[in-house]
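Consider the two complexes below, in which chain A is the common component and chain B and chain C are the respective partners.
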Partner chain A sequence: MAIVLINGQEVEIGDDERLNGIQVAARVGVEVPHYCWHPGLSVVASCRMCLVETGKRDADSGEISMLPKLVPGCQTPARDGTVFVTDSEKVRQARAMVEEDLLIRHPVDCPICDKAGECHLQDYHFEHGRSERRADIKPFHSRRRELGDTVALFVDRCVMCTRCVRFTREVSGDAELMVVHRGAHEEIDVFPGFPLENKLSGNVVDLCPVGALGDLDFLYSQRVWFMKQHASVCAGCSTGCSIQVEENQDRIHRLKPRENPHINQWWMCDEGRYGWKYVHDNARCLAPRQKIEGVLQPLDWSDAPAALHAALTGEAGENSNSKNSPPKNSNSKKRRLAAVLSPFLTVEEAYLLATYIRQYDENAVLALGRIPQAGADESFPNGFTIRAEKCPNRRGVEMLLSALTGDVLSWESFLEQAAETPFDAVWISGGYPPADGNDAASKEEESLAPELLAGLASSTLIVQDLFASALWRQADIQLPGAAFVERSGSFVNAGNRLQSFEWAIRPPAGVMTEGQLYWRLLDRDGLYNARRVLEDVAREHIAFAAATSEIPATGVDLLLNQLV
Partner chain B sequence: MRLNLLSEFEPILLANIHREHSHTLRVYEEQGGYRSLKRVLADQPREAFRDLIKGSALRGRGGAGFPCGLKWTFLPENHPGPVYFCLNADESEPGTFNNRILMEEDPHQVLEGLILSCYATKASTAYIYLRYEYPLAYKRLQSAIDELYAAGYLGDAVCGSEFSLNIYLHRGAAAYICGEETGLIESLEGRRAWPRIKPPFPAVEGAFRKPTVVNNVETAACVKQIADRGVDWFRSLGTPPDPNNPRDPGSFGPKLYCLSGHVEKPGCYEAPLGITVSELINDFGGGVWKGRKAKAAVPGGISMGLLTADELDCKLDFSGPGKYGCLGLGTAAVVVLDETVSIVDFLHNTCRFFAHESCGQCTPCREGTSWSLKMLDRIRAGQGRLLDLDLLLEIGDFIGIMPGTTICGLADGAAWPIKNAIRKFRDEFEQYIKRTNPTGYMETSPPLALELHSIH
Partner chain C sequence: MQATDPDIRWVEPPKLGLGERMYLPLFLQGLTTTTKHLVSAKVTVSYPDQEPEINNPLIYRGVHRLNRDEQGRVKCVACFLCATACPAHCIDILGVESPWEDREKYPESFTIDELRCIFCGMCEQACPVDAIELTSLYNLTGRSREEMIFDKEKLLSVYDATKDKEPMKSAQLPPVTTPSATTSTATSTSPTEGGA
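This part shows the complex of A and B:
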């Protein structure tokens, strides 16, 4: 056990922990301001915002000897006996000087800068800067140029921390960004003809401590202080990056990665980052409908339980006097039912749907929904991987299916089975983003081709999805479903890590989230409570045992915890 | 560059440069060249030769004066290799041209020293990082290297020994910062010459992430002379260690002094370490030109600061200039300013150099150098304020590796002229500001920048 002294306070750190001055100080709530240092990038120690005093405490005598000069906290390792002083007058003066330096040529155009409100230059200046300008007064000047399709550079706002440059060299690996010119004339730029266009490009905007890099998708769409942040999980692929959804009044403005050392570190890919637009698409299905005598009629959500009951039992809906509860000792002919659990459902939702269907037919066939695929997995130099599997919860649904049925029936096998022996009624859940012309879309169209769906023609079909499709049009009952940011529950990523999240925005009018609908169909009281469902799942199924206790923000590894 | 040897000191490093074809292998060998190399390779184990250099207390001639043999011992023992040797020939310190003379007029002396240094450090590859603006040195070094390959002094089995060495001549990227040893390594590797943070030091992890020694051209020439003449000869020249300072290794050996500025006979002169600035000016340089008096002198390249006329008895050895508040001996390049020179102009020019050459990595150096230049621009435009002097001093005291605010020593070099000029000539600055800005010199609120629409 090593003991480090921060402003006189002892901090214990593990023997094999390699921390720098900024990190140990943070352990005891002492913030050392910094620009160039980032835990996910190499150390350059060039901005000098993190200057601190350091020294050593003699193990035997306890005597402290300090170094006469300042050192960068980011570059100074914390070892047993290391002393850091972060609040001396000397340190304060150094911070004020660095802030002053950084503002000499800065345009200070905060009122029109996207970063205002979450800008380190602003925050640090407020806390550590001088109250008056001493350098010559410069007129406002802020040049802008596009670095690529995703990012704009506001040249004069840059503080030359080189985080963005190091990111493209060390993390995404394409090294598009560079520094041009020298000294105070330095600028960030791309090589002519080689724009910033890697698949992780949006991360440089998050990394930029100031407003020099602007996300062209987000630019000028919202002042950051109007937005609320919600911890969530990206549904773009089965990596399942931890993210933060930023919205204002149920409208998303941007997604940002949320630090998770087990999954995405500090990053997320552009596909996920910008892949939420469909959530607010006007083409979303917004009204439940029911086919009556071959014609689709509006269905009120309050009538839905009865209609669904009727569809599953085969009893005439309207005249039924049952209270929509499943048949106890039904003497009617045993009906063959099936439910397809979409890889976009949360574990909790999938479990509730399975439970509901099995009330009507304890042998109901449960299948895994269609898995959208696009290309091949793609890994980056630091290990970040974008997966070909474009859905968030295949593993979760698979594990649930194995637990419930001992097997995982794929969408394709399910369709074959349906073609051989038609089901009486089938519930197909969805949540798929729209087919948008990329190759995932063509695959989707293939797997929804009319000849494949032919086997479902004779069944009563209940389809729940975000957008109309061949399947949706074939449905007897159409139920508009929720998008990932509107759901609550848990996804299990490709690495068997379960992450729980709460809804970030409410679904559009006309939509009832899957969780809430199933909750109601199961006659449970109050509002859908994902945590309570997960507790049930964890209790009943050993594969989910690790989810018994509260799920940390970074999730739990289901396999690892199972072995323990 | 003609030599004028007024003192009786017999030049050693410059002994050959006046001979006809002094840069050729033939002439060099006629003067006994490469004899020491052959002898050392035949009789002296590496360690013994390394210890010999260590025992000579030779200190690096590139600016920092770090003991050369000690630096060599920082290389990790039993490293599987390769170990690289970089000869720092980027010579860009204003006022400095001693490396140039050695490389142009006596390249073989440098190369023999380099081969011996590589032998001592187990380096099998050496790079000469040559200042881009030295075309003649480039030509002469390259033909000297070609001669050596042809004669079996380079390549596999140097002089028939088990030691093999390849030397590559690399033309630099034409910037002052390329001379900073880790900037040099970055540049050699093909990147911007942005100095690296230390540790690790180059001896542990340098070029291509392998142990690397960086030495100056004159240092290598000294190595060759020590091999020729021995440690006792070397230690018979110069200033012994200060008995009151246990960490002073002394300043031994001959030194090439570059004398320029307002003297009658500027040039590169050889003398033992420890002669005074006035000796250099008067005995070698024929005194201040045009019968004028000296006002100030730069002791070792402009980054070392400024001596006043009263301080010219400063000894030019590794601890001399420090006693007068200067940064150090630097490259021992003395620039003399006569009584007509405005120190304001001198400082303006100095600041312009460092603002231009700052590599721009470290905030305090990048902004400090450009801010100080802007203030001096404004002062010279007749809009100076007394407050500017305090701000300049604040910048000077803040930037550099000494206060711990930067990665490399360029910032210290930028700071010292500011600190010395203003502290030693404050009166002159104040007079200048009051005279040129009689109505505004007391102003304290920030003035408008000079060119309102420039970007920087």
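This part shows the complex of A and C:
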């Protein structure tokens, strides 16, 4: 066990831990300011903001000998007996000097800078800088140029920490960014004709400690202090990156990655980062409808349970006498029901829907919904992967299905089965983002082709989705669904890691979230409570046993704790 | 707090003399004040027949205006600091990239709900570019609620209407001593702009 001294306080660190001064200080709540150091990137020690006093305590005599000069905390490894002093007058003066130097040529255009409010230069200056400016350079406006389609560079705001340069070299691997010129004329730039256009480019904006890199998508859309942050999980692909949804008054303004060492570390891809626009699309389905004598009529949510009951039991027309009371499977002939659990449903919602359908027919066929695919898996040098499977919860629904039915019935085999012997009623859940002309779109056209859906023509079709599709138009009852940021529940990613999240924004008027609808259909009390459902799932199915206790922010690995 | 608390210091009321017990001197003193006001010049203004005079327009808090810069464009840079400072949440701004070369951001729309406004003047204090100011226009009336929601054009027109009578307040402030190139930076004591 190695013991490190931080400002006279002893900190124990593990023998196999390789930490630097900043990290050890953070363990005891001592913040060492830094610009260029980032846990996910290599160390360059160029900003000099983390300068600390360091020394060594002799193991035998206990005598401490300090180095005469200040050293960067980010570059100094913490070993047994290492001493760090971060609050001496010498350190304070060094920080004030670095701050002053950085601000000499900084355009103090904070009022129009998008970073204002979450800017390290602002925060550190407030904490460590001088109270007045000695230079006679007036505030000015920064030069600006676009580095690519996603990122704008405000040249003069840059503090030359080179985090973005190192990111494109070490993480995304395309090395588009570089430093041009020397000394005080140093600038970040791209080579002419080779813009910043890798699939992780948005991360350089998060990495930038100041306002030098601006996200063109987010630029000027909202001041950061107006937004509320919600921990969530990206639904873009089956990697399931931990993200932070930033919204104001139920309108998303941006998504940011949330640190999760098991999944995405500090990064997320541009596809996920900018892939939330469909949530606020005007084309979203916003009202439930029911086909009465071949014509779609508006259906009120309060009448929906009765209408669904009638559709599932086949008692069309006489919907008043049986008010969504659970099954009375005695009188009429057995009806053959099926439910398709979409890979966009959370584990909880899939479980509730399966439970609801099985109330009417304990042998109801449960199938996995269509898996949208686009291209191939794409990996980056540091191991970050963008999956071809463009849905967040395939593993979760699969595990639930194999727990409930013993095997997993795919969408294609389900359609074949339906073509052979038609079902009486089918509930198809969705949540698919709109097809936008890429691979996934053509795949959807294929999978929703009329000849394939022919098997469903004779059954009563209940379709729940975000956007109108061939299936949606064929449905007898159309139920608008919620987008991932509007749901609460858990997704299981491709690596079997279950992450729980709460809703970040409320769904648009007219939409009831899947969870709340199923909760109501099952006649449960109060509001939908995802945590309670997950506890039920974990108790009943051993595959989810690891989810019994509270889910940490970074999720739990479902396979790691499994007993069988 | 108990009456026995040692922190409490008990004091005796001062003893009244004969004159104080008769109340006559105090009575005369009060009557003198009344008489003085009876004969002195009147301060009441019979508005609306007579317009009151604003003594110091610099500190009067009336209708807002949006100032223009030297080229006649809106001075506001859409930083949202006024909207952030506003305790009544009556300012609504839509900031976008500006169409001009020398400016980065400007308000595409800027509305103030004058009915919601409590005329506290915090927007004026918060503004880093002296774009929003409160004028000395006090007779703010309208026939509908919609009419009282002032948009950017209306706020700029308030500036056009008042700029001659009330020049921009920033111009009235003591001039900032701009250190010339020859004076050393170390000894210069100009007001700070560094509060990043």
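The rule we apply is simple: the second predicted complex is superposed on the first by the 553 of 564 C-alpha atoms of A that agree within 3 Å, B and C clash if a C-alpha of one lies under 4 Å from a C-alpha of the other, contacts with A are read in each partner's own complex, and residues count from 1 in each chain.
The rule we apply is simple: a residue touches a chain if its C-beta (ideal position, glycine included) is under 8 Å from a C-beta of that chain, and two chains touch if they have at least 3 such contacts.
What you see is a predicted model; the values in this text were computed from it and never measured.
S.K.: Of chain B and chain C, which one touches more of chain A's residues?
M.R.: Touched residues of chain A are more numerous for B.
S.K.: Kindly classify A:135 by the partners it touches after superposition: chain B alone (first), chain C alone (second), both, or neither?
M.R.: In the superposition, A:135 contacts both chain B and chain C.
S.K.: Given the touch rule stated above, what does A:70 touch, chain B (first), chain C (second), both, or neither?
M.R.: After superposition on chain A, A:70 lies in contact with chain B alone.
S.K.: So, does A:529 touch the first partner chain B, the second partner chain C, both, or neither?
M.R.: neither
S.K.: Of the two partner chains, chain B (first) and chain C (second), which one does A:44 touch, if any: first, second, both, or neither?
M.R.: The answer is first: A:44 touches chain B but not chain C.
S.K.: Between chain B and chain C, whom does A:144 touch in the aligned arrangement: first, second, both, or neither?
M.R.: second
S.K.: Taking the superposition on A as described, I'd like to know which of chain B and chain C A:109 touches: first, second, both or neither.
M.R.: In the superposed model, A:109 contacts chain C only, not chain B.
S.K.: In the superposed arrangement, which partner chain does A:410 touch: chain B (first), chain C (second), both, or neither?
M.R.: Neither partner.
S.K.: Once the two structures are superposed, pull the chain A residues common to the chain B and chain C interfaces.
M.R.: In chain A, residues 132-136, 138-139, 141 are touched by chain B and also by chain C.
S.K.: In the complex formed with chain C, which residues of chain A make contact?
M.R.: 103, 106, 108-112, 116, 119, 121-122, 125-126, 129-136, 138-139, 141-142, 144, 219-220, 223, 225-226
S.K.: Write out the stretch or stretches of chain B touching chain A in their complex.
M.R.: Touching chain A from chain B are residues 175, 192, 197, 355-364, 366-371, 374-375, 378, 391, 394, 398, 401-407, 446-450, 452-453, 455-456.
S.K.: Within their complex, state which residues of chain C touch chain A.
M.R.: 77-81, 84, 95-97, 102-105, 128-129, 178-179, 185-186, 188, 190, 192-196
S.K.: Which part of chain A faces chain B closely enough to touch in the complex?
M.R.: So the residues of chain A in touch with chain B come to 43-49, 51, 67, 69-71, 75, 94, 97-98, 101-102, 104-105, 132-139, 141, 143, 156, 159-160, 179, 181-186.
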